[in-house]
Amino acid sequence: MLLRPKTPVASIQQDTGAAVVMVIPAFLGLLAFVAVPFLLAIFLSTQNLHFGSGLGPTWMGLEQYRRLLLDPLFSADFYRALINNATFAVVVVPAQTGLALAIALLLNRSLRGMPIFRTFFFMPVVFPMALVSVIWKLIYAPDDVGMLNTVLKVVSFGHIQPHDFLGDPKTAMAAIIVTSIWSGVGFQMVILLAGLQSISGSLYEAAAIDKAGKWQQFWNITMPGLRNTLVFVVMVTTILSLRLFDQVYIMTRGGPLNATTTVMYQAVTAAFDRGNIGNAAAITVVFFVLVLAIALIQRWFLREEREIA
Amino acid sequence: MGQFGPNGPGCFGQAQIGGTTTEVDNVKPGSRLASTTAAFALLLAVGCGGGTTNATVNGGSGKGTIVVWADQSQSGQDKATQAEVAAFNASQTDVKAVLKFIPDADLDKTTQATSPKELGDVVEVDGPYMQAWIREGKLGPINGLVSAQTIQNQIPSVIAQDTVNGKLYMVAQIDSGLGIYGNKALLGAAGITYPTGLDNVWTADQFTADLAKLAAKNPSGKALDLKLNYQGEWPTYGFLPIVYSAGSTVMTGGKAAGHLDSTQVVAAAKTFASWKPYVDANTDDSAFVKGRVAMSWVGHWVYPAYSKALGSNLVVMPLPDFGNGTKTGQGSIAWGINTSRGNGKAAAKLLDFFANDANVTDYTSGAVDGDGAVPATKTALAESTLYAPSGPLYLFAQQLNKTCGSGPATKDCVAVPRPQTPGYPVISSDFSAAWFNIFNGADPQAELTKAAQLIDTDFQDNGGYQLSG
Amino acid sequence: MSNATINGRRALTLSTRARDRVQVGRLGPSRLRIALSYAVLVPVTILFVSPIIYMFIASFKPNNEVLSGFAVFSPQDLSLNNYLSIFSRFSGPDTGTFTGFLTTSLLVSSVTVVGGLAVNSIAAYALARLRWPGRNLLLLGVIALVIVPFEAIAVPLFYMLDGLRNTYLVQFLPFIASPFSIYLFYSFFAGLPKSLEEAARVDGAGAWRTFFSIMLPNAKPAFATVAILQFMSSWSSFLWPVMVIDDPTVRPLPLAISVYVGTPPYGWGNIMAFGVMMVLPMLVVFLIFQRWFIRSVVASGVKG
């Protein structure tokens, strides 16, 4: 790298001024519309408040938390939700990322029509999750009328019987996982594709000259080159996957038998179906703390390598 | 009538933050807590609009513009409401009604989230949710506002549903009917004797046995459609009558424990769960019309589609008797007045108009692609062909005529209103969750006890949801 | 990483040429490889896209034929009835009109996106590339806020903004500043080579000049990504409008679809038609931006 003179001290002063101005609009917006409401939610989690009630909130202290974490009447559902969330994240993050990587590798050629294929794989991302859920609810419909059942029957020459995917506790979560992966893989694929195409081709050339096989090239060139991209993709996908709500609300309503209930689903139904604001707020606060912990742990393990110029 | 708090739900009310303490509170309000609380109070006071006045019976002048919140559901009913409002506006110049439709799936949430002063003057409300809105100051008594003739003409089941502490809050154009539709051909082919009216109802055991017979004869292997594809209020509406038919109640003396989870209900739940192998998932909502099942447990609103598909092959039967006689549901949407906005008299004129014979008949009959709902006025009911003694839906009219009202569900009465309490949304939510879990194989006793405890805890938190006045 | 970026542009050319060199030399197997690639790609893509095809076809079919196995793909009974019924169902100010819903959604989403791009990008630039006291603290705060789901703040936000019911303002104002957008911009800016700005800084350009003349032109993929994501999020937003909007004339699209989902009889065909109409504008937005997005993402290399 060429030598660059040190940046003058004066510009650091200027930086602060400009930085403050640049940051103020977003800062105010975040403060007013995200931070303060969240603080208010924390406050509400200590209250007993019925949504829409003309009566004000009454103090409940940490009772909501006690119920959520310690009282079997409430905590059984909550812990099941946590387990479901964990299962979902643990399966979806590697599976979706792996699939996205595979598709990106497949598309990483200069064949004709690549942009068209890229567009098709990205299309599901443009669909709102609610609409995706409705379409897949039809696909998973039980009996012969459901699309998936029909497909399975045809490819198995009638051997595979129709199955109620969403109504069977054993398959409901898997069904939701498949839907979610279908919906999100395009987004990751595009980012990974960009990462792939930024790896210097000369590295591959050199490896080919050294008679390195495809697998070796993959592990020693592609993966390290993709490292930062992968880290970004994994972290973002993890946080987003923990917020699982729309699919569950539309396709299974948390069932059957709590097989697909999630933390956000419980928070929303507590607030709007049962009108229990304090309970819902407590759920979201616990959720926040947990996800924050996970994100911090992840970041610590997967620290990105940034060049310090 | 009593106070519901000086402010509507958009506001906490200055006086009530950090107000009453409960037994649970062991924390002495430290100064830090007090200042935080004060800060939030300030924030909320700023964020809240002005408070509303109490929901007093100040009727206004009887003239002016009123806003009408209507439930947007069946296209035929929507058109009927639109036509009625237009006719109302055309028939006089004192009151102008401005109509606003809210999709049915959003109506509850939106009404819940709206303060009384922002809510319409006239609101269409689903019967059992009425008390919740009363408690929030969104509905007021209409006894002095709506004409006595209108009130007298309402059928008893509707009066029972819409009255609290002796005061009437809503006027209805329809009531609902719930029963089991049957396909005569399929029933006959399986050799089933089925009830033809309220005199020869079938017992739960007989019903269960018949299901097996019907399923055996049907290539689909199914016999019954329970509208599992419906969401929202359906499971409670459709299956809560079983609790009463089993000889129990949902809540008595303000407690669900010991009632919702009594041995009779548990036994009935087990029977219900045993039907699962014979029940069609009905995702395409046409299991019955396509002949995949011989029976369909559902309300009046499917009658036009069913009768079109099956014609004279259609029969309507009462629900099975789980020990305490056959029981069925009642209650539907009705019109209430948001008296807190001060336009009670004008709004009442619209309600009187809605409840007159021409409109009720219009709304319910096939003339406007109606949905077979039971007319809620005595005169319209008497003239209805659907509900005449020789009519196909006479059973629904009979059932409503034998309403249990607000009294206990005896062996003879048939239609049971859903629990009348402002805490109804919680009951509905917890009951339907438990009921579906049981249907999917969970242990009935555990699920029902849990539901009862959840309901009781919630009621305790909210002081039993007392309605003052 | 900066090496790779700079070389990225060159590398792309290199690698393409390198591959061409390889392929030109061997005719037979390379044609086979190409054919194989297509043989795998085409069916996989079609399978992948089939739910979307299903939705489109079902929207032209009568309600009771949507769920009928493969029969739904048959070219019989195709009609525009589902679409027409949407227009006839929503016909006046009492129910709202489809064009009204569309206008509201378009207006709200556009303002959210335009405002969001402006506000979030400069904030992210300041966080990523400028030094100032409190920077790290604010960055941590933003990252923490990324985790807060909207459902957690919906009700408190509702209590705060209740005075603004039934306006366009209440539908876009809370969503312009977005922690996730800031984080996306931040990751992108942090990944750009410092050398890009250093020349300008040495010449005495201030932060603003640097942002507009150096950062912006290089940040097209980030802008495209954030635009698409924020547009989608705003377009499909349901929970918030259902609480603060009751007036049909300022109602956004997703609220109206509830009419077909709430009460029976369910019109699956109607729902699919409504879904198609809801998704078309987003597809259009995406197709416009994807030229920017995918091609320039490829060209300049987006990294975490």
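Chains here go by letter, A, B and C, matching the order in which they are written, and residues are numbered from 1 within each.
Just so we're on the same page, a contact is a pair of C-beta atoms (placed from the backbone, for glycine too) under 8 Å apart; a residue touches a chain by one contact, two chains touch by 3 or more.
It should be emphasised that the depicted structure is a prediction, and the values quoted were computed from it without experimental measurement.
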item	value
Among all chain pairs, the one with the most C-beta contacts	A-C
Centroid-based (C-alpha) most distant chain relative to subunit C	B
Distance between chain centroids, defined by C-alpha means - subunit A, subunit B (Å)	38
For subunit A paired with subunit C, centre-to-centre distance based on mean C-alpha positions, whole Å	15
Multi-chain contact sites of subunit A, meaning residues that touch two or more partners	36, 40, 51, 138, 141, 145-146
Touching two or more other chains - residue numbers and ranges from subunit C	66-68, 159-160, 261, 268
For subunit B, residues contacting two or more additional chains	12, 43, 109, 113, 283-284
For the subunit A and subunit B complex, residues of the former touching the latter	36, 40, 43, 48, 50-61, 63, 73-74, 137-138, 141-143, 145-146, 164, 167, 169, 253, 255-258, 269, 272-276
Touching residues on subunit C, where the partner in the complex is subunit B	64, 66-68, 85, 89, 92, 94-96, 158-163, 165, 242-248, 255-256, 258-259, 261-266, 268
Subunit C-touching residues of subunit B, taken from the complex the two chains share	10-12, 43-44, 47-49, 69-70, 72-75, 78, 82, 85, 98-106, 109-110, 113-115, 118, 227, 229-230, 232, 283-286, 301-302, 305
Residue ranges of subunit C touching subunit A (in the complex, touch as defined)	1-2, 4-5, 7-8, 11-12, 14-16, 18-19, 34, 37-38, 40-41, 44-45, 48-49, 51-52, 54-55, 58, 66-70, 72, 118-120, 122-123, 125-127, 130-133, 135, 138, 141-149, 151-157, 159-160, 173-177, 179, 182, 187, 190-191, 193-195, 198, 201-202, 206-208, 211, 221, 228, 232, 235-236, 238-239, 254, 261, 268, 271-272, 275, 278-279, 282-283, 286-287, 290, 293-295, 297-298, 300-304
Subunit A partner contacts - residues on subunit B that touch it in the complex	4-5, 7-9, 12-13, 15-22, 24-27, 36, 40, 43, 109, 111-113, 132, 135-137, 220, 231, 280-281, 283-284, 292, 425-426, 429-430, 436-437, 440-442, 450, 453-454, 457-458, 461-462
